[in-house]
Amino acid sequence: MIELATSSWTDVQEHVAAGGTLAILPFGALEQHGPHLPLSTDTLQADGLARRLAARFDAILMPPVPYGQTWDNAGFPGTVSLSAATTTAVCLDLVRAVTGFGITTTVIVNGDYGNRLPLHSAAQQLATESVDVIVLDYPGLIEAGDEVKETPWAAPGLCHADEIETSLVMALAPGTVRSDRMAASYPELPADFGMRPLRFDTLSPSGVFGDPRPATADKGQRLLMLLEQHSAAAVQRHLDALGGAVHPSASAPDLS
Amino acid sequence: MIELATSSWTDVQEHVAAGGTLAILPFGALEQHGPHLPLSTDTLQADGLARRLAARFDAILMPPVPYGQTWDNAGFPGTVSLSAATTTAVCLDLVRAVTGFGITTTVIVNGDYGNRLPLHSAAQQLATESVDVIVLDYPGLIEAGDEVKETPWAAPGLCHADEIETSLVMALAPGTVRSDRMAASYPELPADFGMRPLRFDTLSPSGVFGDPRPATADKGQRLLMLLEQHSAAAVQRHLDALGGAVHPSASAPDLS
Amino acid sequence: MIELATSSWTDVQEHVAAGGTLAILPFGALEQHGPHLPLSTDTLQADGLARRLAARFDAILMPPVPYGQTWDNAGFPGTVSLSAATTTAVCLDLVRAVTGFGITTTVIVNGDYGNRLPLHSAAQQLATESVDVIVLDYPGLIEAGDEVKETPWAAPGLCHADEIETSLVMALAPGTVRSDRMAASYPELPADFGMRPLRFDTLSPSGVFGDPRPATADKGQRLLMLLEQHSAAAVQRHLDALGGAVHPSASAPDLS
Amino acid sequence: MIELATSSWTDVQEHVAAGGTLAILPFGALEQHGPHLPLSTDTLQADGLARRLAARFDAILMPPVPYGQTWDNAGFPGTVSLSAATTTAVCLDLVRAVTGFGITTTVIVNGDYGNRLPLHSAAQQLATESVDVIVLDYPGLIEAGDEVKETPWAAPGLCHADEIETSLVMALAPGTVRSDRMAASYPELPADFGMRPLRFDTLSPSGVFGDPRPATADKGQRLLMLLEQHSAAAVQRHLDALGGAVHPSASAPDLS
Amino acid sequence: MIELATSSWTDVQEHVAAGGTLAILPFGALEQHGPHLPLSTDTLQADGLARRLAARFDAILMPPVPYGQTWDNAGFPGTVSLSAATTTAVCLDLVRAVTGFGITTTVIVNGDYGNRLPLHSAAQQLATESVDVIVLDYPGLIEAGDEVKETPWAAPGLCHADEIETSLVMALAPGTVRSDRMAASYPELPADFGMRPLRFDTLSPSGVFGDPRPATADKGQRLLMLLEQHSAAAVQRHLDALGGAVHPSASAPDLS
Amino acid sequence: MIELATSSWTDVQEHVAAGGTLAILPFGALEQHGPHLPLSTDTLQADGLARRLAARFDAILMPPVPYGQTWDNAGFPGTVSLSAATTTAVCLDLVRAVTGFGITTTVIVNGDYGNRLPLHSAAQQLATESVDVIVLDYPGLIEAGDEVKETPWAAPGLCHADEIETSLVMALAPGTVRSDRMAASYPELPADFGMRPLRFDTLSPSGVFGDPRPATADKGQRLLMLLEQHSAAAVQRHLDALGGAVHPSASAPDLS
C-alpha cells in the first residue's frame, strides 16, 4: 500500500512499475451529524474504510475528497455542499488523472448518501470511455449494523449520527466525539421517505436519526472490520471478473 | 477560531450567532514536489497558513481542498489534477455554501500556482453575485524567501521543492520529508518562462527547481510567520475596506 | 383521467380548473429485447402502467418518452440511446413545463434500468427548485415476478426479454411478439454483475436474460395488476405525506 | 420499410445487412391546436408523413419524438415544451445513435415550427462531424395548401389549427377531432409578424389561426399525398447528390 | 445617431437620457470572398447597412462583430470562424449588456449566412427573457439584386463574391477590391443545395459563386440604398408593432 | 505583414506558403474611459500595438475583437461587456481557426485588464491541446509610463483614461479625443484595491483614474514605441524558446 498524500512521485512511479494498478478513492462530505459528531464524519468513515482496503489490496490510497453533495443537510449551519454536477466533475477528473499514470481500476469508497447519484453518473460516463471504476456504498452495512448495534434503526438502512456512525467515529477520531451532547432522536418519517429528496432539517431538529448513546469505540472497530470484509469481497469479485490480475497482498489481515 | 472538520453543526451555529462572519478556505493540490517531498505539499502549506490566519482572525477554518489544477506537473506519476473548470466549480460551490449560513467574507488561501486562474475566475464570478471573496497567492513570498533562504531562486519567484518548500514541510509535516533524497536542480529555463503554460517534466527530470538541501524546520517556521504577517495584513486591508466589521481576536499572537 | 396526446388544451384547462394537480409521465427507451420482442418494449410497459395509474388517480397522462439512456444495449442494432445528460434534460424540461400550468406533483413511471440515474438526478435537481416529483422504478417487481413467473431469474431482479417482459408485451401489444423466435438464455454473469455498467452484447448474444417461452398474456395482465397495486400504494404514500390533497378517483378498480 | 418501435433488433440487423442505410425520424411537439384538435397534432402529422416516406424509400422509421420546442404556445395549458438546447441534444443523440449501427443518412421530418432552429442547429453540428442529415420542414406546404384549402391563410404560410391541420388530423386520427368545437379565428397580426418570437396566446385566445370548419378527411389525404411528393422529391435530390446509392422501393405508389 | 466606438460614456448617457432606446448591431464574419474581395467583406456590408439604419432611426450604432460562424468556408486559408455556440453567446452578452443601460430594442444586421441559426437562436432565447431583438438577414436582397445586377445568380438567392457583393465592397471600401483578379465562377451545385451544410471549397476552387466582373461602385450604392429601404421598413414595422414609440429622425434622408 | 481584414484568402495562402506561421490578435473591449476618450480606447490601443508587432515580425494581423470582459466598468452607460466565459470561448475559437490553416504561434495583444483571466484561461486550455499561444498584457507599461508621463499614477500600474491612455489615443485616433472635457480624478482607493473585483463607478464618478490633461500625441507615439519594444522582446524570447524559426523581418525598424 502507498498513500498518495505522504508519498513522493518517485514512490508512486516505483509502485506502479512494480505492478500496482489499483487505486482507492474515499469520497466524503462535510455535513451535519448531530450536536455530538464532527461535520467530517462521512469523510472520516470513507477514509477509514478506504485505508483498510488499500492495505488489504496493496493499492494506492488517494486523499479523501472532504466535500460532497449533501443538499439534504444544507439546512444546518456548517454543512457545505457541492452541487451534483461538481461532484460528478471532481470524480471524473480524479479517475481520469490516475488512469493517466497506469492505474487500471479505481475503487471509490463513498461515504455520503447524497454522493450516490453523482458518483454513479460519473462511473456510467467513465464506462463509455472504457475506464474501469466501481463505487462502493458501504456494502453489507445493514447486516453489519444488525450484528453490532443495540438500538433500533430510525428507518431500514437509515443511520445518521446514530449508534453506528457514533461508534465508527469513536474508533476513527475519538477526540471529535462530544459524548455529553448525545441524545436519541427517532423522527416520524413521512410515508414516502426514501422516494424523494428531503431536507433533513424539516424532519429532525437535532440532525440525529437514531440513538447514539450506546455507541462505543469497540463497536466501531467491529463495524469497520465487517464493512471491510463486505467491501473487500465486492472488490475481489470485481477484480476476478476482470481477469483476476490483482490479488490481496499476502500481508493483509486474516478476516476469517 | 473554529475548525469545520472537527466541529459539530451546533458549534458552527454558535460561532455564527456570536458574530463570526469570516471563513478561511485552504485550496491545495496533489502534485509532484521532487523525490523528497510529499505530493500533498501544496495542501499542507495552504492548510498551515490558513490555520494561522483562522486563529488570528477567530475565523472558520474549512477543510483544505486536497486536489487542484496542476496540469504543468501532470507528467509525473502521482500528480492528480482537476481541470480548470472543475477547480472553479468547486470554489464556487464552497463559497456559495458558506454564504448560505451567514459567512460574509471568504478568504481563499491558495497553495498551488495552477489554481490561480481558476480561483480568480471564480472570484470574478462571485463578485457579479455580490459575494465577497479574496484569493491570497502567498503575498510576500518573495520578500520572505529573500529573508530566509540561503540558496538562489531557480527563477525570480519560482520555488518548487526547493529550500523554501522543503523548510515549510519540515515545519508542518516533518515525517513526510525524505532528506536522503534531496538534490539541487537548477534547470535551464526557456527564454519565455512564465509567459505560457509549460510541462515541468520537460524542464526538470527530478521535478525540483532549486536546492532543498539547506532546508530546516526552523526556517520553515520563520517563513510561515512571515507569510502569515503578509497575508494577515492583506486580509485586514480587505476587511477595513469593507467597513472594518471584523477584527483580529484578542488572543492572536503579536507579530511586532 | 385525461390523456394529453388526444386532448385539446381546453380539455386540460378544464381538468386543472376542476382540481387536477397530478401528472403521470411514462419514460421509456428504444432498446433491444431479444429477437422476439419489439425495441419499444420498455416504452410499452411504462405507458401501460402509467395509463393504469392515471386512471386510478384521475391524473393527466403524458405521452411516453420513447427514447431513454440505454448504453448497456448499444451494441445491438436498433437500440437508439439518449445520453444520460440529455435524458436528465428532457425530464427537467417536461416536469417544469407541466408545473407551469398547475401540476403540483409529477409521477415518473420509468421503464428502463438505464434511465434510473439520469431521472433520479433530475428529481434531485427539481427538489432544489421545490418542484415535487417522484420516480417509480417498478416497485414490487420482484415480488410480482416471484408470484407469477415459472422460470428462474437470470439474476436476482434481472429480467430482460424473459418470461416477465414477454408476458407484459403479450398483454399490452400482442401483435409485436414473435413467439417463433423465443429461446431461453441464461448467460453466465461476471462476479461483479450489478456493480458497474456492462455492455449486454458481451454477455448474451441474443440479448435475452431468462426464459421467455412460458410467457402468456394472462400472466402479463396479472403482472400489470400487481405492479399497479405496488405503484399506486407508493404514489398514495407520497400524496399522503404531502398532505393528502389528492385521492384515488371513486371509479378506480378495487385492489382488495 | 421497417418500423423500429415494433421490430426486434434482429429485424434491424437484417434490414441493414440487406443494404438499408436510410432512417426517417419524425420530430413532433405537444402543443395547443385550438379547442378541437389534440395536443399531439404536430406529432401525428410528422409521423404520418414520415411513415409514407419510409414506405416509399424502404427506410427505417423511428418512433416520433412526441415533445418539441414550442415556447410560442407555452401560454396554453397542456402545451409541454422542451427547451431549444434539449431539442438540439435529443436530435444529436438520436442521429448519432443510428449512425452507430450503419445508417448513413437520416431524414428528419419536422412537424413543429419551433423545432426549426434547434433541429437545423443540430444538423449544422452533425455536418462538422461528417454525419449526413437533412431536416424537412414540410416542403411544398404552401403549394399544397393553396391547391386544397378553401379558406384563406391567417398569414402567408401560417396554418395552425386551421383547415389544413384539421384536415390532416381528420385523415390521420379522426377520433381526436372535436368538430363541435370548431370556430374560425383570424387574429390581427402585428406588423412584424414572423420577424421575432411571439407568444400565440397574446394573439389568439382560442389558439386557432384560420378557419377549420371546411376541413375533411379527404382533403387531409390529398394534402398528405402532396406533402409526400414534395418531401420525397427533396429526399431524392439529396440522395442523388450523395451518389444515388439509395433508390425508392419498387413498391412505392406512383406519384405521376 | 451615435456611434459607440467613437463616443464617450457621457455621450451615451446623454443620448439615452434624450430618449434613445434603439441599438443597431452589425454582425459580420471573416471569411473568404474569392481572390478579389477582402476577408472582411461580410463585416463591411453589415456595418455599412447598420450605419445607414442608425442614421435613419437616430439609433446607437455598435461596433461590428468582425468574426462569425462560417464553417462552410473554413476550407479556405484566412477564414476564421467562431463556433455556432460562441456566436450565440456573443450575441446574448451584447444584447443583454445594452439592455442594461436603457436600450429596449436591438436590431441585429447580420452579414453572414452562417450566422443565421446562431443569431436567431439567441433571439429566441432573449424572447424568453422578454428582451426585444430582431435579426435582419438582408431583407429584400433578392429584389434588390434582380433590380441592379446584370449577371445571373449562381443559385436563387445565392451571392458570394459575385457582382452584388463586389459592387457593395466597391462602394464601401474600394481600396480592398482587386479588380485584376476577378473571374466568373458558376459551380455546378448538388441537387440538394440549400438543404444541408456544405463546404464551399468542395464546390468552387476560387470561392466565387457568380460573376463579379460587371460590378461597379455605383451599383453598390444603389444596392445599399435598396437594402436600407427594405431593412428600414422591417424595423419600422417592428417598432410600430411594439407601440410606435420610436420614430425615424427628421434628418433621415428621403428614400422615395 | 498581412492584414486579414483587407486581404483575400489567396493573399493568406501565399503568405503561409512563403513560411508565415505567426498571427497577432488584438483583443479589445468597449468600456468607458471618462468623458473625453472613446469607448473603443482599449481596442484602439491593442490594435495599434498589434499592428506594429505584425509589421516587425512580418506576421498576420487579425481584426481586433472590439468587445471584452469589462464587468468592472459595467456601471457606466455605453460599456458593453462579454461574460468571462464568452471571452474565453471567442479566444479559443479564433486561435483554433488560424491553427487550422498553418499558423503555429498566436500572440494575443490584450488591451483590457478584465480580459486577463479569460484570455489566460484560454491559453491554459490551448496548452493542453499543444496549441502555442502567448498573451501580452502590455509588458513594460509601468517602465514606459514612468519614462513618459508627468502626472502621478492613480495607483501603481493603474492607468485608466489618464495621461498615458489619453496620449495613446491622441496618437492613434486623434479625432476621438475631446480635450475640452478632460479633468483629473484621483479617487481614494479602498485599502484592498487590486485584491478583488471592484465596480469602478463606485470609485470614480467620471470614470477617470489619473490626470489626462498633460497628454499629447507625441507622448503617445513615444509610449507606443516603448510598448512595442517591450512586447517585441517578449515575443522574440518566446520564438527563441520554441526554436527560433521565426525572425523579425529585415524591414523592421531598428530598436537600438
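Letters A, B, C, D, E and F mark the chains as written, and numbering starts fresh at 1 in each.
One rule holds in what follows: a residue touches a chain if its C-beta (ideal position, glycine included) is under 8 Å from a C-beta of that chain, and two chains touch if they have at least 3 such contacts.
The shown structure was predicted, so the numbers you read here are calculated from the model rather than taken from an experiment.
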Starting at subunit B, fewest touch steps before arriving at subunit D: 3
Chain hops separating subunit E from subunit C, counting only touching neighbours: 2
Reference interface C-D: repeating pair among B-F, D-E or E-F with over half of contacts shared: E-F
Approximate Å spacing (C-alpha centroids) for the pair subunit A, subunit F: 51
Intercentroid distance (Cα basis), subunit C paired with subunit A, Å: 31
Distance between chain centroids, defined by C-alpha means - subunit A, subunit B (Å): 27
Subunit A-subunit E separation of Cα centroids, rounded to whole Å: 58
Circular arrangement of chains, read from subunit D onward through subunit E: D, E, F, B, A, C
Contact footprint of subunit D on subunit E as seen in their complex: 71, 84, 117-118, 120-121, 123-125, 127-128, 132-134, 190-193, 195-197, 234, 237-238, 240-241
Residues of subunit A defined as touching subunit B within the complex: 4-13, 16, 30, 32-40, 43, 62-67, 74, 76-83, 85-86, 89-90, 93-94, 97-98, 100-102, 173, 175-176, 178, 181, 207
